[in-house]
Each structure stands twice: as C-alpha cells, then as structure tokens.
Amino acid sequence: MASNRCGNWLQMTTWGESHGPAMGVVLDGCPAGIPFSEEDLQRELVRRRPGGTLYTSPRKERDHAVILSGLWEGKTTGTPLSIMIPNEDVRPEAYAPIASLLRPGHGTYTYHQKYGHFDPRGGGRASARETVCRVAAGAFAKTLLAREGIRVLAFLSQIGPITKDWEETPLETLAPLTTPEGIFCPDAALRTQMEAHLTHIMAQGDSCGGAVRFLVEGLPPGLGDPVYEKLEANLAKALMGLPASKAFEMGSGREAASMQGSQHNDLFCALSGPVTSTNHAGGTLAGISTGMPLRGEVYFKPTSSINKPQATLALDGTSHTLTLPPGSRHDPCVAIRAVPVVEAMVAWVLADAWLCQRMARG
Amino acid sequence: MASNRCGNWLQMTTWGESHGPAMGVVLDGCPAGIPFSEEDLQRELVRRRPGGTLYTSPRKERDHAVILSGLWEGKTTGTPLSIMIPNEDVRPEAYAPIASLLRPGHGTYTYHQKYGHFDPRGGGRASARETVCRVAAGAFAKTLLAREGIRVLAFLSQIGPITKDWEETPLETLAPLTTPEGIFCPDAALRTQMEAHLTHIMAQGDSCGGAVRFLVEGLPPGLGDPVYEKLEANLAKALMGLPASKAFEMGSGREAASMQGSQHNDLFCALSGPVTSTNHAGGTLAGISTGMPLRGEVYFKPTSSINKPQATLALDGTSHTLTLPPGSRHDPCVAIRAVPVVEAMVAWVLADAWLCQRMARG
Amino acid sequence: MASNRCGNWLQMTTWGESHGPAMGVVLDGCPAGIPFSEEDLQRELVRRRPGGTLYTSPRKERDHAVILSGLWEGKTTGTPLSIMIPNEDVRPEAYAPIASLLRPGHGTYTYHQKYGHFDPRGGGRASARETVCRVAAGAFAKTLLAREGIRVLAFLSQIGPITKDWEETPLETLAPLTTPEGIFCPDAALRTQMEAHLTHIMAQGDSCGGAVRFLVEGLPPGLGDPVYEKLEANLAKALMGLPASKAFEMGSGREAASMQGSQHNDLFCALSGPVTSTNHAGGTLAGISTGMPLRGEVYFKPTSSINKPQATLALDGTSHTLTLPPGSRHDPCVAIRAVPVVEAMVAWVLADAWLCQRMARG
Amino acid sequence: MASNRCGNWLQMTTWGESHGPAMGVVLDGCPAGIPFSEEDLQRELVRRRPGGTLYTSPRKERDHAVILSGLWEGKTTGTPLSIMIPNEDVRPEAYAPIASLLRPGHGTYTYHQKYGHFDPRGGGRASARETVCRVAAGAFAKTLLAREGIRVLAFLSQIGPITKDWEETPLETLAPLTTPEGIFCPDAALRTQMEAHLTHIMAQGDSCGGAVRFLVEGLPPGLGDPVYEKLEANLAKALMGLPASKAFEMGSGREAASMQGSQHNDLFCALSGPVTSTNHAGGTLAGISTGMPLRGEVYFKPTSSINKPQATLALDGTSHTLTLPPGSRHDPCVAIRAVPVVEAMVAWVLADAWLCQRMARG
C-alpha cells in the first residue's frame, strides 16, 4: 500500500522530510495536452510559503519548485509530472537537544511505536512541511479545473475563539483573499480581531487553533462515486489527513443533527442552474455533486509546538521538561497557512472526480 | 476504480439494491485460520435490523445472512468470504407513483445526472439498506479485533437537539448498550428525552437529525499510516461515506479550534498503559494510534423522507407536490440504526490498520 | 490487497470454492446504460461448461447464472453487477480419502504452506471451476467491446505435440469455432489429429498439455498504458494467472529472439486501417495498441490430475501412493475448455483498457 | 490509475524522460529499519550502465543515483525512498531531424494515437532509459531478500539464434556472472559465439533479439497470492512490461504443452528442503511458491533502432526514408543490458510477495 499517495485516478505520491535535501511529488494520471508550467506552481507555493508574515514560522524558504518530467513544449504528455522543491533553510542540528524527548501533540511517540526508527529533525516526514507538495499538486488540479470554469476558494473562518456566522455573508461582497499578512479572511473587521488574538497568543509563547472554510463554484452535477468513494467522503479523508485537523463538516455540518427534515431538505426548483432553493446539503446528495456551490469546513487544533516549558518523557521513560531550542521554528496557528493547502486538497479531490466522471456512462 | 469497495488490505466489496433480490458483500484479504460463522454475523445484523422498534422503519427484514465461500471447518481459509442477505420485504411497486419525481434530500437527481439511468425502487443502490453489508463486514472485523482485546463501541449521543456534554460521563458507569427500543444511548434519562422527541417528531410526520459517538478500547499504539492513510482520515472517509452523515470529529473535534496549545497538548506520563494524562487527541497523533482510547463522533442530517407534502420537480422539469405513497417506509432518525453501522465501519478501518501494521518494520 | 480481483478500472472480484454452494463474481466500474442480460451470460457459459463432450470432465453443471444486482430495465445502472453460479454437481465426499495427500502438480502443498488451512474438496479455491466466473465477467466485457466493433476470438492451436504453423493460415478461411466435441480448432484436419491424440491419452489414463491462440480484430489504436500497465503486460498477467498456464507470447513471441531488427520491424504504410505491412509485433508497440490485429498465445501444462497411481506424501510426511477416487473428475487437457476462458480474460483486459483510454487526453 | 507504478504493497513509481533532466523512482511501502545506502544502489546501476562495453549503446552515463528521502542514520524509516538519477549525456537536438517520423518498432505512432502529444527526444518516456529506475528499485528489493537468504540471478541465455539447452547445465558449475564485456552468460564457449554474432550483426548495422533466464534460490514456500495475483502472473506482468519483451515462460514453459501429466508432474519427496524430485513447475504451484528454485525466461525482440535506412511515414502521412542521425545511440541487442533489469523486476515482485505473506494467517 502506498500511504504517501492520494487520489483514485489522478494520483499524487509525495516524499521528503522536513530537514532532508528536498520535498517532492510525482503526479500520475494527468491527461495529456494540458498547458502547465513552473510559474503555475510558483503562484500557489508563494501563498503557502513561510517566512513572509508576522504570524507565521520564521523559517525562510523560497519554495522554488522545479518540474523534472512530464512536460513537452509547455504541455503535459500523459507521463508523470515530477516536481521537486529543495529545502533551503534546514537546521537539523537545532533539533539534536530534543531528539530523544516525546514532544506533546507531535508524532514522535507514535512514529517510534510504529516504525521503531524515526528521523527527528523538525518532525521528519510528520512535519507540516510536507504540505508544500500538496500545494504543488493542487496547482495542477486547479489548472485542470479552471479550464472547466470550476473555482476553488478557501479562507480563514476562525482563529482561536474569533469567528462569526458565515452563512449570512454573501461571499462575493467580501474583500479579496490576499493580504500582506497572509491572513486570508474575507471579513476585514474579523481579520483585525484575529490579528489581535494572534499577537496576544504569540506574546504568551502559546498557540491557538482555527478553522478554514472552502467554497467551490462552477462544479457540474454528477461528480463523485457511490458508495465508498462519495465526494464528501473523499473530501473528508483529504482534509482530515492534514496535520492538526480535528473536525470536518459538509454543508450544514454539525448543525444538521439538530434540524428537522422539513427544514433541512433543499427543495428542487430547477433542473439546471441553481437546482435547489437552499443549500443545506453543501453541494452533494448521496455522495454526488448537485451543481450547487460545494461548501464545507475543517477545524484545526492549536499548533503543538509552543514556546512554553512542558513536562514530558524521554524515549527511555525518564521525566524531563521540554523547552524548544532557539533554532526551532513553528507557526502560532496552523490554520493560517492551511488555507492554500485546503484549496489544494479540495482541488485535487475534485479534479480526480471530474476525470473519473468520464467513466460513468456507456 | 471500484467505488463499492472499502479498505486497504482488508477489502469489502458490496453490491445490491434496496428492492432487488439480495444484498451482498465479498470480503477479501482475510487472514486464514480465523473462526467465524453465520452466528457471528447474525448477532450484529440483528442490532441493525429494521422493523423491531417503535422508532425505526416498519420494513420487516429477517436479515438472515448466508456465507457462501471462504470457510472450511468453521475457520477462514484466506479466500474471499462471500456473504449474501436476501431482501424479503420488497415492495418495488410502492415506488412506481413517484419514480419520476426528484425526492428532496435524496440521490435521485444526482444519480440521474451521473449515470442517466437509475433504479428508483426505494432509492436503489443509494438506499440505507446497503449498510446491512457494512454490518456484515464489520462482524468479521470485530471478530479479528476481539482476538486482540480491541473493543469497538458506539452509541447515540444526540437526537435532534437532545444531547449532553459526553466528556464528563465515565462510560463504564452507564447502562448497557442494548434496549428493547433500539435507542442505544447509555444515559437513561437522556434516552427518555430522546424517545419523547422522536414521538413528537413522528407525530408531525417529520424527521430529525442525530449523532453517534464511537469509542475504542484496547487499541495498541502504532496503527495507521502516514501521510494520506492516517487513521483519522480513514475513519473520516468511512463515516462520511455513511448515508446522511454531515460532520465528523476526532477527539476534541470542533472545539479544538477555540483552544490554545498549552491546553490542548496531552502531556506524556508513561511509555505504556495510558500514555498521556489527558486525551484531547482522541487516540491518535500524526495519524497513528497512541494506545489511548480512540474516540470521535459523526453527525447525521434528518431523514430526507418525511410524511409531509413537499414541492418538487419531475425529471421532465414540471412542478409537483411529492407525497410519499403509503407503502414507502423510512426511519424517523437515521442515527438510531446508524449505531451498529458506525461500529462496523470503525471496526473495519481498525482491523485493516491492525493487519497493515504487520508491514511496518523490516 | 484483493488478490481475487482483476482490472484497473473495470474490476471483477470472484469468490467461491469448487464444492461450495456457489461461485460468483462482482463487476464494478461498469458504465451505465449498457444493455445486458442473463442470456448474454449464458451464451458464453455454455461454451465453457463441462460434461458436454467426450474430451472434457464428466462433471455435470448447468452453469445457470443469475444476476443479482446492477441492472434496471435491462440496462446497467453503474452499480455493481453481482453474478452467482450455483454449484450443482458437487461431491465433496469423493475427496475425503485423499484430503491428507499432496496431489502432484496441485496447490495442496502450497496452499497449506501459505495458509495453514485448506478446503480440500476438489481443489477448493484453486480449482479450475473458478474460471466460470471469468467467463461470466468476460461476457460483459465482450458486450462492451462488441458495441465498438471489437471482436475477441481464441482457438485451440495445439494439443500435446499436435500443432501447425498458424502464421500461414488466413483465419477467415477456416471452419467456424464451434464443434459438437468442444474442440475449438479452426483446422478440421488438425482437429481430427487432436481428437485421436486425446483418445489415445485418455486410454492411458494420462493427460496432455496444449495451447490456445487469441486474435482480436477491430481494436482501435491508443489502448494500453505505459509503463507498468502495458497492454501486453496486462494480457500476460491475465493469462499467466489461468490455472496450468506456463508460457505467454505476444506477436512473434519466442521466435523474436532469433530475428534481426531489419526483419522484425513492421514498416508503417498508412496512418489508419492496417498501419504496418507486417505484424510481428502482434498489435502493440511500447505497450499501446497499434490498431493492427492483436494476437498472442498461451501454453498450458498437462492436467495434473491423472488416472494413474503416483507416489506422493501425506501432510504428515508419510509416503503413499495416490490413486484418484472414482468420484473425482477432471479434464484430460485443460487447454480445451480454456478457449472461452482465454477469450474472456483477453476481453476483460481490453474492455478495461478501452475505458481507461477515456482518460488519456485533457 | 497510476500506470507508472509497480507492486502491490511494496510500490515503485517511476518518472522521467530519456533526454529530460533526470530519471527517478519513489519507493513506498518499505519497512523501517533496513540498512540501505547509495552504495547499494550504485553496485546494481553499474551493471546496467551503458557506455561500458563494445556491445552496448555508446551513451555515456555515470548513472550516479542520489537518495533524497526515507533514510535516517543509514536505515529506512518507513517513509518513501526518493531516488534520482540525473541524465548527463543528453543530446535532444540529435532527434530533431526525425521528430516527425514514425520510427518502425517504436512507440512514436502509438503514443501519438494515445496522447496526441509526445516528447520525441530519444523516445521520451518510452525509452529503455526508464529501466534505470527499475534497477534502482531492484537494488532495494535485493537488499530485503538478501536478509532472508533469497538470491535472484539472471543471465543471457540466447543472442539471436545462439543458445543451448540450459536445463542440462548445473548452474553452480558455471563461470561467474560478470564479464568485462557485460555479456552475462555463464557458459564461456557460448559467450564467445554470442560475441561473434554481435560483431557480425553490428557490422551490418543491424540488431538482434535475445533471451534472459532468471533463477531464484532460497525462496521459502507460500509466497504469491491466488487467484489474480499469482506469483507467475506478477512475474509475467513485470517482465512483459520490459521494453521489447515478446514472450515469458515459467519452468517448463512452452514445452509443457507437448508433455503428458505423468511426465510433467513433479512428485513430492519431502516436506521441506527440495520438496519435489523434479522441477518442471519452475518453483510455483497454483500461483504460490513451492520452495523449489524459481526459474523462468523472457524473450526480447531485436532492437528496433537500426543503422539501416527504413521506409516509413511522417506524422502527416507522407512517405520518407528513415536514417538514424549520427548522434542517436542504441544497443545492438537489448537482452544484454536487460540482465540486471530482469533481476531487478524479479526481485521487486518477490520482495513484494515476501512482505505480503505476512498477511496470510490470523
């Protein structure tokens, strides 16, 4: 089994450790003849890149990706796209002092239990640095989807306790989704509160959780596969596979449990265009897209790495106090940089489903 | 791609339509030498069976499963287990009057969009009747897990708005999880409220949502595979693939977003036994089990079929009022009968992960 | 891993033991809207059925298949087709006397080594009876291919040492491929020799090997996937997975090794229609179909079961003489009944490749 | 579907074009804790490397591989091994004059038919250069197998018509399998004849076919999975997926068709050690290893590229004479350098089967 692979037909396989020489991803199943370039990649990678804002990790990475195969004269050839992103700002020695300690909230203990041998430099394979490969893959998926008029958006919907009722906010009236600080929140007032909260949390040496909403416009009906490959099931797997994610909602989400059928049912009003008058379902029925906007949300726990001393154990069972060494670096809130990653994963699932739909009829 | 399959090594493939002759599931990847019988199946199928309680569908099904292959002298042989459950109480004619109507909240529209040809009898393949196969598969998974001392439990945590803060309730002090009414809620007082709510909703001809929590005890550390086959990601896919599910949470779930790292981090206190002093994580770190109890929750929308007239369209676009014909049958709240199905899917994911763990080390 | 499954997109999963209640196959990935019926199945199953001729096993099986799911109003719905073929002429007790003996050339020893637990009745899962499921699956594949004008043929090219140089024989001038005796050999003179050889071998209580050639007409160019899913690689796997097969050749096959490039290269003469003036390649280049007739051959060892005493061991290591009990039944030459099975497997691989080709371009 | 992937549990995914910047392979499913290094890789890559002998392509490649991930302190960690081999001696411009011509025996026509867009530089992805990745993957597989005492050998058994009856030659008495000329033939007299034949063929500007036999010692019984994942079926797929392969045989191979059961059946003589007195089966029964030496053969067509003018068509259908430009390079006989590639693919299939065997019993 390839546990480093994602997708049914369109498949990405990622590799690389946080402080190894490079990260990479191989995209297979790409149709031929699609214009694609390193510029298309870079546009997305820049959005996820650390080091650019007050509120993200100080690790400095240009995240300059190279495409090593699969293109000829600027278009895909149907053979694998191999993409490599060198790791530039690596400081493996920074982790030596804590290599033998179990880091609370991290995979140190579980990787040791599973494999008995673990690359401890910055979390190794378990580092969120792996998500750079997802964004690279997502750039290709977005390229495929854009040709069909399908647009995938994500934004910060919550940081710590700072959030609002997003259902009432028409998205098109909101501010554009790029900001110098990288806080991709379309509500300017809320963004100010989020920044204040982050400043406060960072001053304490602590971290906080957050949430990211996604929205897809232009998706045709009919995508997704019953019974075990439902669109929402694949989105859930893709997003619950992100580091630190703890909850996933589709459409009405958790609130659906408190509703009645006569409230929740979206009534059909047309056979094309907006087909239902409401969209509690969030764009799917029975695992297949309705053509209504797809929407959902993913919730992240607070960053496990904090600048506060924590009681823990060493691998040999002795008690210690863990204090992160000066060279170690982390984000105060993983949700911030997760926005382009959520977009990438949603785009990947949808591009895969869009291709698979070619198989549905004789 | 087999979209009717679930599992990485241990794979179930299900087939059958709600009002066809039978439902079935083929289990492949089963290790040889495991004692298993039709009685083991029946014990689980009875828990999901409709027709037994005030609060579930009046469809009468014995759900008598037969095992057609894969056993010799009462033990698995390593070849596929083929399990068939005949459909007995089928009334395909009951659906003829509404075969051309789009049923709100149902897959009629999306199946038509995807396939252009649809078996409309009781929802065909999209019917929750398909879950009988999941329970059959889960019975085998539970048999595998029980041999290792792993116990999978689920219970009704919410019906409509009726719920409580489950974190504070020590599970072992609660009532046993079988009741004549099939309301698998371990809190007797809450169960009474749930029943009252159901009675009220049914009297209105309406339906309501609900939620199911799962809890796994005895799981060893090390199960689950990074990066795209994380244990929580596979649980999310398995449970978000259930009919009507709208949200999935692992451990602290949605609440994690409001917390700080210093609160959320579970501190390590021992290398075996309960390894952390708290369990906000819900039993996994970085996608791999910690050995702490695994816990999560899945939320269901209200049953889409209601006994109230609803405005809708026919397949030809004309407007109609949909009134369910007398012979059609449904549950007032899908969460009730979902309890054994959630257990089955969780068990399936864990049995698969348990087998896959054999591969982790050289 | 599902080792009882075959196909990339179009997937069959088979189940059943030779002397269990039934054999079955689940077809997933079938496009919707394809007319298909039990009659389509029966037409193919009859060709493989034992008991009909002088030269095949006396086991009497009607091989009456039922389709349990996946059809509505005579057409596929995109959901799995579940096909079951009851075993009628089972005599499990016939194998009791030899259940503990290692049967030369059979899987008894290897299944015991692998699984430690084995259904010995007539070879259990290792029986050639399993191929009835392949023929059922192939009937669906042929239905798909026939809609595209693709015709898959196979015939007996060799029985024991009786064969000829088939390259020089224009297939269209040969006799039709059905005969009362089930010897699907298009050369009447050779068929007479084959029958004489079989009569001779059977009189000795012995068995003989044989070979089957396949030929596909109407295949479009472009099918098959580089690098590890080449058309010839998938054909090889499908046919080397048949019971008793020992060799596979594509086009010029083994003779290619003795040739020079200037002889073997098929020169291009047109961009469509017959594109090369010769066809040493046998219809593929670099793993992808050229549009020229596809042709290859598969060679079978002699049936392992013979009516002669053989020295062997019991499972406990003691020496014995194995004499097949009177009720046991087998074919004198597996190649005879392999003809429709080879057709089925070739059709399955091609139908899968034909569907997958929908994905090749953006 | 990932058509650039090979393996069930242990999976390699390869990428790269002949004249792109690099070739690469990602190995997933590797157990943790296995000592492995770039030296282990290099030892195998050197054996396949072109440019070293009189009888292979003059392309000069150091084939210096780097391992970019998956190792820590010299041992695997269970995360993907990413291996990259830069292309150094690339001359893409050499192919410009013939980029629009259909090369006889090559994939130009079929890739164009499939994808509509093709990297023509030296065959692009269809080049035998891709096999460098297979050898890199095989180096890891051999490392796994060697720990279990399993040894995989291959050798040149035929070049053009030059061959012998290998069955009668006890392998252990033969010369070692390395020679300065890279002709891995263990029979010195035959090797001399092969070299003379090659010299003759090269003088003509022509090419010739050949064959490679493989032999595996030390394989335990029980490996391989019925029904569609038989060991011989997976070997056939792996070897029929090599460029230019036209036939595959297992054990007695094609000769089995002419034999009788009483001759072919290998009689059991012991429960361990050499379990049968003969080995016509070639080391498997019913798709599962017997523990007897595994043996088989793969046959290759003559190299398609020859230094003789050939009539052909351009992509626009016009007639041309194809003469390979001076800068183009090829082997006179692909079988020569195929020896380490066959070893690599056999090792890969076996290492995968060896891992999968962990799953067979409860």
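Structural remarks
Per-chain residue numbering starts at 1, and chain names A, B, C and D are given in the order in which the chains are listed.
Note that in this section a residue touches a chain if its C-beta (ideal position, glycine included) is under 8 Å from a C-beta of that chain, and two chains touch if they have at least 3 such contacts.
On a predicted model such as this, the values are computed, not experimentally measured, just so you know.
The minimum number of touch steps separating chain A from chain C is 1. Across the two candidate interfaces, A-B and B-D, the one carrying more C-beta contacts is A-B. Centre-to-centre spacing of chain B and chain C amounts to 39 Å, using the average Cα coordinate of each chain. Per-chain Cα centroids separate chain A from chain B by 26 Å. The distance from the centre of chain B to the centre of chain D, each centre being the mean of the chain's C-alpha atoms, comes to 46 Å. Contact with two or more other chains is made by residues 1, 3-5, 9, 14, 29, 32-33, 76, 78-79, 114-116, 125, 226, 359-361 of chain C. Only residues 1-5, 9, 11, 13-17, 20-22, 24, 26, 28-29, 32-33, 66, 68-70, 72-73, 75-82, 84, 114-119, 124-125 of chain D touch chain A when the two sit together in their complex. Those residues of chain C whose C-beta lies close enough to touch chain D in the complex are 1, 3-6, 8-9, 14, 102, 104-107, 109-111, 113-116, 125-126, 130, 158, 160-161, 163, 201, 204, 206-211, 221-230, 232-241, 243, 245-254, 256-271, 275-276, 280-282, 284-291, 299-306, 308, 310-313, 317, 335, 356-357, 359-361. Interface residues of chain B, counted against chain D in their complex, comprise 1, 9, 29, 31-34, 76, 78-79, 144, 147, 226, 355, 358-362.
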